[in-house]
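Paired with chain B in one complex and with chain C in the other, chain A is shared by the two complexes that follow.
And then the complex of A and B:
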């Protein structure tokens, strides 16, 4: 049940009316509805994994309470380790088991030792990477005393399975979402309208920009060996836009639906392609993941390695990005993707610029030449990285690079649907112009409500609706569902 | 909350109105098209297909039989209603609509090939049904089982146009553009001025051999259609146009399928002209892929066919 599907629309309509009419004023009943709705939403995909979700929620709920109750530091640690073992172990079994087994077999095969270890057929439970990170951060925060454990199981279970962000994030922290679940929620007209607006913007990004780009990226990446470099460059450009518009579009919708039921959840993207360097890019891209890793991996590691100076910082960054890479999936391509982005940081660290705050471009209508050059540079670095991200294996990625950096770069791109490519390019320009003009807002069109009169505002909404309706390229799943 | 719901309602009303009006506008515009499959459907619905001899079939009817050459040589009017990409199931829909809105033809030349009696799962070129599928239950029922349109596409106005911006642009062009254009299909035929492309080589790379499954329901319908033609006194002739020989060998059960047509021909006394082993089938220069002839090949083939038809005096006098 994806956001842009009829079953979800029907589900949400029923949910919305029950939530604000039948259970109005009673947040405990609303929480039960959130939990039931979330389980229905999740079970629609595969009800069997619902038991895993419930089991994970129950275990972490109890661990949180006992970690707080226990006086003994050693016992606290043990309880925390059980939680971490469950979280990381779950990811290992469902996501990485076969990857490690095959890598192990390949490594031994390289030294002529044949091992017969069998892989097992495992279906990856949808959203496991996202809800596991929620439960891990919850336990760590309880252990560190940053938050009090949640004693209301309905609230906690709802936090873990909160349907707007269950499948593809954002990865909400307990400190943000649980307090909202524990208090009365009043319907707020402005918040609901803003939620609707953000959903509309998310739909535009996903259906019009990302899905139209996907048509070309699938064609070009699928046949890259027989295409000239210019086509590959175009395909890579489309893919870079696709992955951004797809994931940020999904996040916009998730945030919008949450706002419609009175919740504010984590912002996940902050116009990353307007960044001035790669460090800023990662502060603005998939924010809920990168901030999670900064808090629970990078910061503790950099403290641990502080005596090593820049080398320690580089080590911490590389480990951090290795985890970012492998979080995306069990493939050496993701490992390499992470390491490449980690390596992008090295010049910044050596020049002492990693923590240097960049002058904000927010509110600036025209960037300076240097700012523009920096933005292009960041975009190109992201593009280069996405080759590995998109490839099925390392050799395919290098095959793509080999073909990309060749003399056919200057030929006319070969593409089957030229008019489609032109239209897609036009929408990319529209996306970037609107994002640039709206970069001071929470999301690009966030200020429409205050900036324009009602007729203009509604005119924009109607234009968006009609554009989405006629130009949507349907039938493509959200990229981040696979993670 | 009340304010929110009222706002949503007020916001939605113009969209509902727009969807009705836009649906009518787009469908009416497409019903004026003279291009592609729309052109043929519109001729059928408009009762403009009153020719003596009609060419039936799939894409191998569409690009292989030149009605002009046939008319010049045979002295009778000819129209090619070949339906690109579809098996007999939807060819039969076209046949039934033709009989409903037009005078029945005297003669049908049915281009038969290995695809005729199969049934594809997807609704190829699904845009062609847009202007008719909500108004004509025969169309809706025929295409309902294919993967293409959803439940709401048949029931809500404009819904089926979602994502079809190219068709919308075509509709706008038809409505506001010049009316003096030459249709791409002349009397339903479209000669392809093309040389051999890589379609066949790509197919061979993807699969070693191809097997075409026959659809038993389609075979029954085909038999019913032959009987109906006989009852309605429509002379039916089967023709299998040339097909590049390597393409024939690529299909594992090629001869088995063609035997079905040979049997139908024998059982029902339908004349059958099979050009699949003609010398043309051995030369790439007449084809743009293994199953479709280019304009050069199509014209030569049409001439050969009319010569053979005349030689055998097979056509009944009109």
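And then the complex of A and C:
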């Protein structure tokens, strides 16, 4: 049941009615509904994985309480390790087991030793990378004394499985979401309208921009060996836009649905393509994941390595990005993707540029030449990285690079549906113009409620709805569901 | 050395390390209040502070400070 499907609309309508009318004023009943609704939503895909979700929630709920209760430091550590072992172990079994086995066999085959270890057929439970990161950060925060453990099991189970952000994030921290689940929620008209507006914007990004781009990226990446470099460049440009519009559009919808039921969840994108360098890009791209890794991986590591100076910082960055890479999946392409982005930081660190804050472009209508050049530079670096991200394996990625950097770059791109490509390009321009004008807001059209009169506002909503109906490409799954 | 003296010296270190003469610290200041203070500059600040006050903190101590006041207390406790 994806957000932009009829079953979800029906589910949410019933949920919304029960939540705000039948259970009005009783947050405990509303929480039970959130939990029941989340399990229904999750079970719609595959009910078998509900057992895992419930088991993980129960274990971490108890561990949180016992970590806080226990006086002995050694015991606290052991309880924390059990939680970490469950989280990381769960990811390992479901996500990485076969990858390690086949890599192991390949490594031995390279030195002419043949191993017969069998891989096992494992289906990846949807959203496991997202909810595991929630439970791990919860236990670490309890252990560090940053938060008190949650003693209401309905609240905790709802935190782990909160349906707006269960499948693809944002990865909410316990310190943000649990207190909201523990207090009364009143229906707020303005907040609900804002939620709807953000959903509408997310739908535009996903259905109109991302899905139309997907038509071309699938065609171009599927046949890249027989196409000229100019087509590959166009395909790569479309893919870079697609992945942004797809994932940030999904995040907008998740945040919007959460707002409709009275919750403020974590912002996930902050106009990353208007960044001035790659470090700023990663502070604005998939924020809930990068800030998670900053808090629980990068900061502890950089403290450990602090006597090594810049070398220590580079080491911490490389490990951090290696994890960002493999978080996406069990494939050497993701390892390389992470390492490439980590390597992008090295010149910034060595030149000391990373420590100088760039002036924010927010509120600026026209960028300077240098600012514009920096933005283009960041975009190109992201494009280069997304070749590896998209490829099925390393040799395919290098095959793509080989074709891309060739003389046919200066030919007219070969593409089956030219007018479709032109229209898609126009939508991309519309997206970027609106995002540029709205870059000081929480999301691009976040301020139109206060900025325009009612008729203009409704005109914009109407135009968006009509555009979505007429130009939405059909049947494309969200890219981040596979992670 | 009292806590106020530590605060004044910390402010100097912050201004030097973050290359911003306008940084003003109070005991309640947190990383959210100083634009240049992020996860990357944080580690430079820690190194400069340890060097200046000739102290050494554990990872746990460094990650437990919630504001400048707690950092100042941490420094005084080591003196």
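Note that in this section the second predicted complex is superposed on the first by the 482 of 483 C-alpha atoms of A that agree within 3 Å, B and C clash if a C-alpha of one lies under 4 Å from a C-alpha of the other, contacts with A are read in each partner's own complex, and residues count from 1 in each chain.
One rule holds for everything that comes next: contacts are C-beta pairs under 8 Å (C-beta built on N, C-alpha and C of every residue); 3 or more make two chains touch, one makes a residue touch a chain.
This structure is a prediction, so every number in the text was calculated from the model and none was measured.
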Which superposed partner A:112 touches (first chain B, second chain C, both, neither): neither
Touching partner for A:189 - first (chain B), second (chain C), both, neither: first
Partner chain in contact with A:355 - chain B first, chain C second, else both or neither: second
Which of chain B and chain C A:474 touches, first, second, both or neither: first
Partner chain(s) touched by A:313 [first = chain B, second = chain C, both, neither]: second
Set of chain A residues, in rising order, touched by both chain B and chain C: none
Residues on chain C engaged by chain A in the complex (per definition of touch): 17-19, 35-36, 38-44, 46-47, 59, 62-64
Partner chain C, residues of chain A touching it in the complex: 144-145, 279, 283, 294, 298-300, 302-304, 306, 313, 354-357
Chain B to chain A touching residues, read off their complex: 1, 3-4, 7, 11, 14-15, 18, 150, 152, 158, 161-166, 168
Residue ranges of chain A touching chain B (in the complex, touch as defined): 6, 20-21, 187, 189, 192-193, 419-420, 423, 458, 461-462, 465-466, 469-474
